[in-house]
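Letters A, B, C and D name the chains as they come in the text, with residue numbers starting at 1 for each one.
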Amino acid sequence: MILRDPIHGLVSFEGAEESIVEALLETREMQRLRRIRQLGLASLAYPGAEHTRFSHAIGAAHVMKLLLNHLRSLHEELPFWQRITSDRKVEALAAALLHDVGHGPFSHLFESALPEGGRHEQWTTRILLDEQSEVHQVLRNYEPTLPKRVAELVNGRHELRYLARAVSGIFDVDRCDYLLRDAYFTGVGYGDFDLDWFIRSLRFGIPENELTAPPLAVDGARGLPAIESFVLSRLFMFQQVYFHKACRASEWMLTGILARLRTLLCAGKRIAAVPPALASLCTTGEATLSEYLDMDDSSLWHSIGQWRADPDPVLADLCERLVSRRLFKTYELYGDATEPGAKRQALEIARRLCKVEGLDPDLYVGLDTAAVAPFDDGDEPLMVIFPEGETRRPGEVSFLLNRLRGERMERIRLIFPPEIRANLKAELAALKLVP
Amino acid sequence: MILRDPIHGLVSFEGAEESIVEALLETREMQRLRRIRQLGLASLAYPGAEHTRFSHAIGAAHVMKLLLNHLRSLHEELPFWQRITSDRKVEALAAALLHDVGHGPFSHLFESALPEGGRHEQWTTRILLDEQSEVHQVLRNYEPTLPKRVAELVNGRHELRYLARAVSGIFDVDRCDYLLRDAYFTGVGYGDFDLDWFIRSLRFGIPENELTAPPLAVDGARGLPAIESFVLSRLFMFQQVYFHKACRASEWMLTGILARLRTLLCAGKRIAAVPPALASLCTTGEATLSEYLDMDDSSLWHSIGQWRADPDPVLADLCERLVSRRLFKTYELYGDATEPGAKRQALEIARRLCKVEGLDPDLYVGLDTAAVAPFDDGDEPLMVIFPEGETRRPGEVSFLLNRLRGERMERIRLIFPPEIRANLKAELAALKLVP
Amino acid sequence: MILRDPIHGLVSFEGAEESIVEALLETREMQRLRRIRQLGLASLAYPGAEHTRFSHAIGAAHVMKLLLNHLRSLHEELPFWQRITSDRKVEALAAALLHDVGHGPFSHLFESALPEGGRHEQWTTRILLDEQSEVHQVLRNYEPTLPKRVAELVNGRHELRYLARAVSGIFDVDRCDYLLRDAYFTGVGYGDFDLDWFIRSLRFGIPENELTAPPLAVDGARGLPAIESFVLSRLFMFQQVYFHKACRASEWMLTGILARLRTLLCAGKRIAAVPPALASLCTTGEATLSEYLDMDDSSLWHSIGQWRADPDPVLADLCERLVSRRLFKTYELYGDATEPGAKRQALEIARRLCKVEGLDPDLYVGLDTAAVAPFDDGDEPLMVIFPEGETRRPGEVSFLLNRLRGERMERIRLIFPPEIRANLKAELAALKLVP
Amino acid sequence: MILRDPIHGLVSFEGAEESIVEALLETREMQRLRRIRQLGLASLAYPGAEHTRFSHAIGAAHVMKLLLNHLRSLHEELPFWQRITSDRKVEALAAALLHDVGHGPFSHLFESALPEGGRHEQWTTRILLDEQSEVHQVLRNYEPTLPKRVAELVNGRHELRYLARAVSGIFDVDRCDYLLRDAYFTGVGYGDFDLDWFIRSLRFGIPENELTAPPLAVDGARGLPAIESFVLSRLFMFQQVYFHKACRASEWMLTGILARLRTLLCAGKRIAAVPPALASLCTTGEATLSEYLDMDDSSLWHSIGQWRADPDPVLADLCERLVSRRLFKTYELYGDATEPGAKRQALEIARRLCKVEGLDPDLYVGLDTAAVAPFDDGDEPLMVIFPEGETRRPGEVSFLLNRLRGERMERIRLIFPPEIRANLKAELAALKLVP
């Protein structure tokens, strides 16, 4: 198969090894990803960000293909039992393609808004191992142990350490694709990095001992700019997109909607148009796989649309606001205002003002902390390897990474409904809690 | 307001004249466009093509803003009563933003698949004039006659001829945005043209008489490459995307689904999950505006998903194929095979093979003709105007346009289910009907 | 070696077969290309167009590498004696890299302005075969017959027809690179085409008989858009850049400078700072290779700068105008004004006005005809080959190419000094010779 | 005038205020910049980097125009005597265009290689004030005091502080253009930043007192990503391009050539083809303006070419190496190896090995330190200004800038001729001075 992708240009999967991709793409479970947006509600802030998990999955498989081709060109450095055999290539391509197949509606948002629903990795594993799923059947037809092996790899476990980290690590194929893809579709120019150069600069590092396969490493000083650029593009995407105030506010609202739904359902209220999986997850924390897979962005938007007419005024109001994009507002806290006491004080003011307006402060006001570690140079760093074989940590040889390692970027915001904006601002300004 | 758009970069609407855009964007009817994909089912062929009417509408308003700014810089060429006043700027921005607000699910596809549903332009007019719509209310609050004036302009009628053609013409702001946008999101590089240069090369032409406002014209030889490139990018987009075999095949399938639905509903069958507007359109050709607006891609995908379990085997089968993307196949006919007799012969073979498979040939086989005029140099051509004021038709001074004017590009394909592929190919090849 | 190229991104030549590229790049003759601009004087019209033959040569070798890789992936279609052996790969890479090594200052302009200097292909051949040249020595060190084989291939002759056409044909690697490169550096967006898709769509065609290697062909309907886009991008580049009025006018001026120089030298005048090769070419039509290679843009600009102080007022004036970019002006003739009689009349007027100003009409006025065939579907067309092996001419299956084949685009302009502009315009307008 | 620029797209200067640009472009001094490459010898490392000061100057003027337009849209914030009058716009455009007009051959390289030649800013001032220069005459024709005013502004002095910093500051129009331009022509993707967003995020800051004009400031949190991206793109360009090993090595070689030339000239040796300005600068430290302007890349390359035949073997050898790009090699020192003692030790080894080869260690070996401060948050920081008027330093509100301010990036390399490479490596490795 050959197709055109805005990120990678010409994308093709051909020959016996790569045929697994086309076979998997035709399954019901993969096709469902066409109806799940990659960035949840981010298109409320970035109108272009309407891309789905489906194109990202193809992109991740494509990056894996590029990476495997590159690593195979370095095969002579490895003992034959550590090389990328056909079996392993099939495994790796399948893992890259399927790594996100278990996502619920609105991607990550669903699992954070409904923790009892389980993490998407668990659902991915379930899809891989469930004999009823088409994905399982396609894999099994290739080779009976393939479903299990792919499930291991998706979870970052593989006898070849370099392959495990390529699927799940600091610089994995998932990140490689989503950074570029999210930057492209949002139009945020800052997320770009040079994928060709990045892959090209990877090589095999020093194995721990003679029996284990080596980790991935970076090729001397030449590879550093690609790594730096990757790290920075990720940092920029967090700052600009993933932590954007309208994204965080709308995510807060959806969380409120699901919280309210849970309360109502647990109280025995009958609510129209609740997807069966959602109902059972809210009340029992369980759902069948088939019900879970019936949920996607379309079905959840459909439900939210219906709930606007629900007798519960809070549920109806939150849904109406989200559907018509009347989003909650935010104030970002800087400096002294981020101290625990100050934060608490700001939150209390907002809660009080909410009550005055007759709004439930638990659902209408929040203190939102978004945090990320830009560069985790931790347990398994991607070492820089020099021509003579000496290795160093990236932070030792990179000016930029040296200054970022171990740091944590945090953005703290008060989220609140527009109704209390003027009063809130006045009170916070009086206390010097907003600049 | 200010936002980032992947096509136009920084997009802003500021000041009193442009405030209409933000006000309209917040309406329910505009927010609904977030759930209607710009290219219907094209993402089945181009995974990136998941963009919606919402971002296109903003883009069209942005192009209108650029155009108005440029035309105002040429104001001294016009008598004052033909200039772009504040009122007219509001009118023009609103018309650009709202020109597609009446689209049904899957955009153009809905109206071609369900002709009794009316054209989207009619629904747009209805939204503009219906006192219950939020769009109408926003416009009326600006100025009581604004809804009616915008409705006229959306339909290409305005006392200033150059403004009418900017909203609805061969080179209108709608096309300017969608060519660039569709090219970007599909990843098809060929649809690009230089928008800045294009707008820059526009000027006022020669009015018909002293009383009428002039049409738009192109600035001498300098503007020609922009026009040529625009025409070619449109031609390429038709060849590559809008007429892509997988797009046409999936559109055919959706048309079949709606046709089957209509038949069943008219026969009095009860079918689950039919949106009220769809039910009444199928049976009476009418629908209330509010029901119509309840339909979007999400709701229709939801219905199609449900119909997979319908007792009618044909409806269920077609829906299952579409949801899991088991698309019909196509053979393109070239040369002699496009003669009426040959086409009929090919179609008959396909219909016969379908019957053998137990499939209804009316719903499973078709002869699809996609046609477009690449350059219509007709009644109101965009004249090329030279420094001394002499004008010529583009076809007279452009090598390329001369060769394209009045031409018609046509692609003819047989559409059929995969089941009959092998036999069909053999029979057609024997008759030399496929290359 | 690995380097970064703005057009192709990461460019690398590695392994034994590709090592020829690095070895050749280090020769004196290739390094000289750093001082010869790809587009002669076009940077007078497009300030960005300052790129040289050196980067283009690398680009052409890179495209050749991509093409060879693709063709090798189709090797099983060929008998083994028609495949791309290591020898042939070396040959092909060297030919792509060296195809322009014989260019004089300002590239093509030099040979058209000084026809007695010989064509650049002749100089290329001479460099390849001259035992003193470093290029020759590098090639000979690889294999004694290599210089001769590369010389044959550069001139479009090779036992493998598909390889001959890849070096010198309608769609050769030279064009592939320069269209993209010239578009990038001028900033003219229109010259882009999808190189990956283009190469990907090439395959082996039908050989004439069992003994000859097949030509290149295009892979069915899928490859057509790439071909069309290539043809159009070339057409656009001619219209926009190569035939740009300021380019043509400055080329005319340089031609005049060299003509005047020749006249003076042949009359025995002593002129300072004439490069030895130029002196002997003007007077005897001959030059030694080493003298020829001492000429480049730098040395010719140096000479032109010096000639501004020449006692001959015509030579001094023309050089002064060119150095300070006081270019001649142009009027383009359209329609009836391009008839032989009209053209002659326009030229006569300009010549008369020149004489009035005391300027030599032979050097200060001209009628410039720039012409190109956008798509030559002639003796050796790139056939389109369908899955069953049937082939058709591109013009038969492509709407666009059908309308372009055999056509000729022509732009006719009067070139004249600014001094006579006003009077010339008045006289031409009175006769309706300019719009 | 209107032209197409690869960086900024459509560039135009129109109307009375902007006509200064076209008038200045036609001067001899500006046209000379067509023959001076922006990045000196960087095209030896990045083949695409062949762009000149001429296109950069146009780009800087274009950025100034964008900036002035933006600032004028904020005029109501200023008292009328601090606004951008027509006079000041002319001044600012001229200063942006002319800021680099005094550069010698190979741009910055010339002044660092030949310190006695004076800094390019001095030559710029001289050109502006010299009554013989065409630039001076054009300016004076606009307004007699204009040459002096532009000279002040070019040197960063102006009554409007915000204008002074726009010409010469941390975020001036010069940097805005060259970062984008150098990134484009080298093909290094990392140097990109969003110019539109950047300019858009600028506003007027808080003036020191009522009488002084305000500085530029950044608009709240919204403008931060643009600033961060600007700072990082600059850092990347230093790492990747300006400090590239081949650039530094070739610059070292040219410095050696000029040093040797100076020695020879001061010793009274006669050397062919020395540009008069270079001869007098080397011997007296002075040169006439007209002689200075006769030097450009072309003339210096011409001289270097001639010097290959000079009787002095050192001069001839260095020139031959540079012309045929047989560059010196480098070893970068990291960590402990950058301690003063270690550096000295490494240098001594290299010097000793050079002597063994019979090469003058002063000209053939060096310790090269390239250093830059990525973000100087010093005396006049670009403050971030929040809606209520409170201001903060960028480092206080930006995670990234906080980690970069006051830092210094340094790259230390040993530069040496290829002849001693093997021995040098062995000795350095033995001492663990290279990784």
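Of note:
The rule is short, and it goes like this: a contact is a pair of C-beta atoms (placed from the backbone, for glycine too) under 8 Å apart; a residue touches a chain by one contact, two chains touch by 3 or more.
Here the structure is a predicted model, which is why all the values come from computation and not from measurement.
For chain D, the chain whose average C-alpha position is most distant is B.
Averaged Cα coordinates give chain B a centre that lies 42 Å from the centre of chain C.
Taking each chain's centre as the average of its CA atoms, chain C and chain D sit 33 Å apart. For the pair chain A and chain C, the distance between C-alpha centroids works out to 50 Å. Residues of chain A in contact with two or more other chains: 4, 9, 194. Chain-to-chain contact here is organised exhaustively, every possible pair of chains being in touch.
Of all residues in chain C, those touching chain B in their complex are 189-190, 192-194, 221, 225, 228-229, 232, 235-236, 239-240, 332, 334-335, 374, 386-388, 390, 392, 396-397, 399-400, 403-404, 407, 409, 429, 434-435.
Across the interface of their complex, chain A is touched by residues 2, 4, 9-10, 12, 194, 196-197, 200 of chain C. Against chain B, in their complex, chain A makes its touches with residues 3-7, 9, 26-28, 31, 34-35, 43, 45-48, 50-52, 54-55, 58, 184-188, 294, 297-299, 301-302, 305, 323-326.
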